[in-house]
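Chain nomenclature is as follows: A, B, C and D, assigned in order of appearance, with residue numbering initiated at 1 for each chain independently.
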Amino acid sequence: MTGFDRKQMAARVAEDIPEGWFVNLGIGIPTMIANYVPLEREVILHSENGILGMGPAPAPDKVDPWLVNAGKQAVTLRPGGSYFHHADSFAMIRGGHIDLCVLGAFEVAANGDIANWATSENDSAPAVGGAMDLGAGAKRLWVVMEHTTKDGGHKIVERCSYPLTTPGAVSRVYTNLGVLDVVQGKGFVVRDLAPGVTLEQMQAASGAPLHTN
Amino acid sequence: MINKIVQSMADAMAGIKDGSTVLIGGFGAVGQPDQLIEGLIEQGATDLTCVANNAGTGRVGLARLMELGRVRKIICSFPRSAGSVVFEELYRQGKLELEIVPQGTMAERMRAAGAGVPAFFTATSVGTILANGKEQRDFNGRTYVMEHALKADVALVEAWEGDRWGNLTYRSSGRNFNPVMAMAADMTIAQVSHIRELGEIVPENVHTPGIFVKRVLHIDRGPAWA
Amino acid sequence: MTGFDRKQMAARVAEDIPEGWFVNLGIGIPTMIANYVPLEREVILHSENGILGMGPAPAPDKVDPWLVNAGKQAVTLRPGGSYFHHADSFAMIRGGHIDLCVLGAFEVAANGDIANWATSENDSAPAVGGAMDLGAGAKRLWVVMEHTTKDGGHKIVERCSYPLTTPGAVSRVYTNLGVLDVVQGKGFVVRDLAPGVTLEQMQAASGAPLHTN
Amino acid sequence: MINKIVQSMADAMAGIKDGSTVLIGGFGAVGQPDQLIEGLIEQGATDLTCVANNAGTGRVGLARLMELGRVRKIICSFPRSAGSVVFEELYRQGKLELEIVPQGTMAERMRAAGAGVPAFFTATSVGTILANGKEQRDFNGRTYVMEHALKADVALVEAWEGDRWGNLTYRSSGRNFNPVMAMAADMTIAQVSHIRELGEIVPENVHTPGIFVKRVLHIDRGPAWA
């Protein structure tokens, strides 16, 4: 079993994003997706901190200290980009104007629930950031994550065990093993397997039944 | 390549359906998308609910649309004004529904629709007949009414500049309702006095980011408005 | 009895507006108040349609068709002025950021109620505009109006007979006969009499008792 | 003559009282009013409720204010981040109250405060532990939670330009929470990199109109931020 590495996971997500979509990319692997959308396919990246039209990271000597993404990394702005304040930025999110949000996750459940902000109810000071706004507001929520935890624990699950970020929001999951759709009333449906990965291997790595179309 | 700039009025108006709720920008003549309203008259959609600050003047534009029997209901703050003859005729004859909304509540209801807020509370209209039938509630010892988001199918807006991503700027008091309406509709159509290259509008000074705009049509409004 | 004419009424209000206030002036006599605030006393005029820092009417050959006030008359913008959209404009009003609003009225009652938008419950299509937002939102609401109707009817009343614009909002009334404060729990208190007007004359023209301090 | 430009940090900080709720702009380091926070440390007000996206990093700025025991409660969306050592110490020791608010809800609660809206509904956090104890309600078949306005005594904001009427502009992503916080506080104090003459800022491109700003202090942030 080979599967995707992190870059390939990001590239695989990028393949599925059509021109013209407004897309918000979470911290981690989601951020890397931007590197795999060719500039000539115009996808407009949104950042919670008030940016539309984010471009790639600048050359080290071209860093603008005023211009960072939601992960506080230096970025650039593409021609046609714009800046606005936080309430307007989250109006775009909450108002359903963002076509797609891609987040990382601790767990995704067969009913579309996502848990990605707190590892237990007892974690008394977890950092939620904009994850709940994005989960509730974006038109589509996709997750990109490793299929299992480092010690082989399930992240594709029947029901989330960690505190939820948003119930029933995820419609697709990209992992190192392949691509799953989350279908209402049905659960996980395998859309694609990574090179060298079998359905049986993916099922064995999952804590919920996988369906095929 | 994303290109929201359309080349004809027919393209700008394509797909507007009977029964639509249509937001119409402007405050009086200023910031009013006159040409798009003419385009809508030409396009033919009927049974419309129109949202605008005023209910039209004379027998052109919104007044003409109403006179043609294409408007079922109007939502506005100031229906009766100098020259609102068509509105008054139709309303007296019972041929037009009217919902009067305080101006700020109207703006905020559209902003709420654009921002994913289904309802909010305001002190405006408390203790008046416009609060009749509305849910009321006290916060910190003051009474407020609950108002609902006002979402629309189409917004017709007037802007100064636009680019192919749909970014807009407005000129002086022509801004008024236009940015709020642009947020609140599924399909926002902008008439602009000037088309700009992508990046020509300073990113800090984009007034309506392109995410809220579907179509941009260039209209030369002539020297009086330049 | 001479009293103030319309210009004098506007000028009398202007006297009481200190530098630095943000002020919204309604249509009619209120609009004229701006002409009597000297430019060197910086009072910042707000207009519902998205203007702060309105200046006087332009010379006829300097009219900018994009720049009108809430009464749709051509105006100018002072250096330091700004434009914004309707939701932001009414956020300023509703949020209590406007120090003073001056409106005209059909009636003002001893409890501070104002009626200025509809002349009867049966007027099925009255035009409310921004009056209710201003009444509910401005820090202070003053009224400037003729003391009586043209046929001598009372406009200073015990209780409004017309549909209310805002209950309990008015704190001061300027009329052709003088200036009245509206004091909670007390009613109308005479602050000033116009030249040549006696307290008895003002009382005779009023439909509610007038107090003196 | 209106002149909101103050000449010293002491003048900028004058009158901030113990027990105040203080909004602190910025998203990470960008748009953060670093010098005003230092000024607040110097000024001495204590028992503060601070609202900021993050809970401070290292042992400077907001973290320093907390370490000095001057912060009773923090309201933020992202308390624990790289370098939030002071927050974690104090929080573990029970010396700091914490209210975690989703980032967009936090922004909207302040915007609501500034706009005279005491409460509004949002779908954010529905079905999560952050909705526990909050009133919920269905609109059009979807469930929303009611959130309350978040009003403050003081806002410390960072802006690019300012003039004597208090008009502000922001530079690129430094805008973030600053305009929303400026609306929500009784006393908004802005540190600006550049002082402009009245009228130099194009009126269409004022980002925060002076009505929301009480004091403007010029701070030269140095070549790295120019």
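What we mean here is this: contacts are C-beta pairs under 8 Å (C-beta built on N, C-alpha and C of every residue); 3 or more make two chains touch, one makes a residue touch a chain.
Just so it is clear, the structure is predicted and the values come from calculations on it, not from any experiment.
*Asks:* Determine the set of chains touching chain A that also touch chain D.
*Replies:* Touching chain A and chain D alike, sorted by label: B.
*Asks:* Counting one step for each move to a touching chain, how far apart are chain B and chain C?
*Replies:* 1
*Asks:* What is the chain whose Cα centre is as far as it gets from that of chain A?
*Replies:* Chain centre farthest from chain A's centre: C.
*Asks:* Taking each chain's centre as the mean of its CA atoms, how far is chain A from chain C in angstrom?
*Replies:* 54
*Asks:* Cα centroid separation between chain B and chain D, in whole Å?
*Replies:* Once rounded, the distance between the two centres reads 33 Å.
*Asks:* Calculate how many whole Å lie between the centre of chain C and the centre of chain D, each centre taken as the average of the chain's C-alpha atoms.
*Replies:* Result: the chain centres lie 35 Å from each other.
*Asks:* Chain D: which residues touch two or more other chains?
*Replies:* 108, 111, 115-117, 122-123, 170-172, 175, 203-204, 207 - these are the residues of chain D that touch more than one other chain.
*Asks:* Residues of chain C that touch two or more other chains: which are they?
*Replies:* 77, 83-84, 87, 90-91, 93-94, 137, in rising order.
*Asks:* Edges wherever two chains touch, nodes for the chains themselves; is that graph a line, a ring, a star, complete, or other here?
*Replies:* Other.
*Asks:* Chain pairs that touch, all of them, please.
*Replies:* Taking the chains two at a time, the touching pairs are A-B, A-D, B-C, B-D, C-D.
*Asks:* Report the residues of chain B in contact with chain A in the complex, numbered from low to high.
*Replies:* 1-2, 111, 113-117, 163-165, 167, 183, 197-199, 201, 203-204, 206, 209-212
*Asks:* Tell me, which parts of chain D touch chain A in their complex?
*Replies:* 27-31, 77-81, 87-88, 91, 98, 100-105, 107-108, 110-111, 122-130, 170-180, 207, 224-225
*Asks:* Touching residues of chain C toward chain D in the complex: what are they?
*Replies:* 19-20, 22, 40, 42, 44, 46, 52-53, 77, 79-84, 87, 90-98, 137
*Asks:* Touching residues of chain D toward chain B in the complex: what are they?
*Replies:* Residues 108, 112, 115-123, 139-140, 142, 144, 148, 169-172, 175, 202-205, 207 of chain D touch chain B in their complex.
*Asks:* Applying the document's contact rule, which stretches of chain C touch chain B when the two form their complex?
*Replies:* Residues in contact with chain B: 47-51, 64-68, 72, 77, 83-87, 89-91, 93-94, 118, 121, 124-133, 136-137, 163-168.
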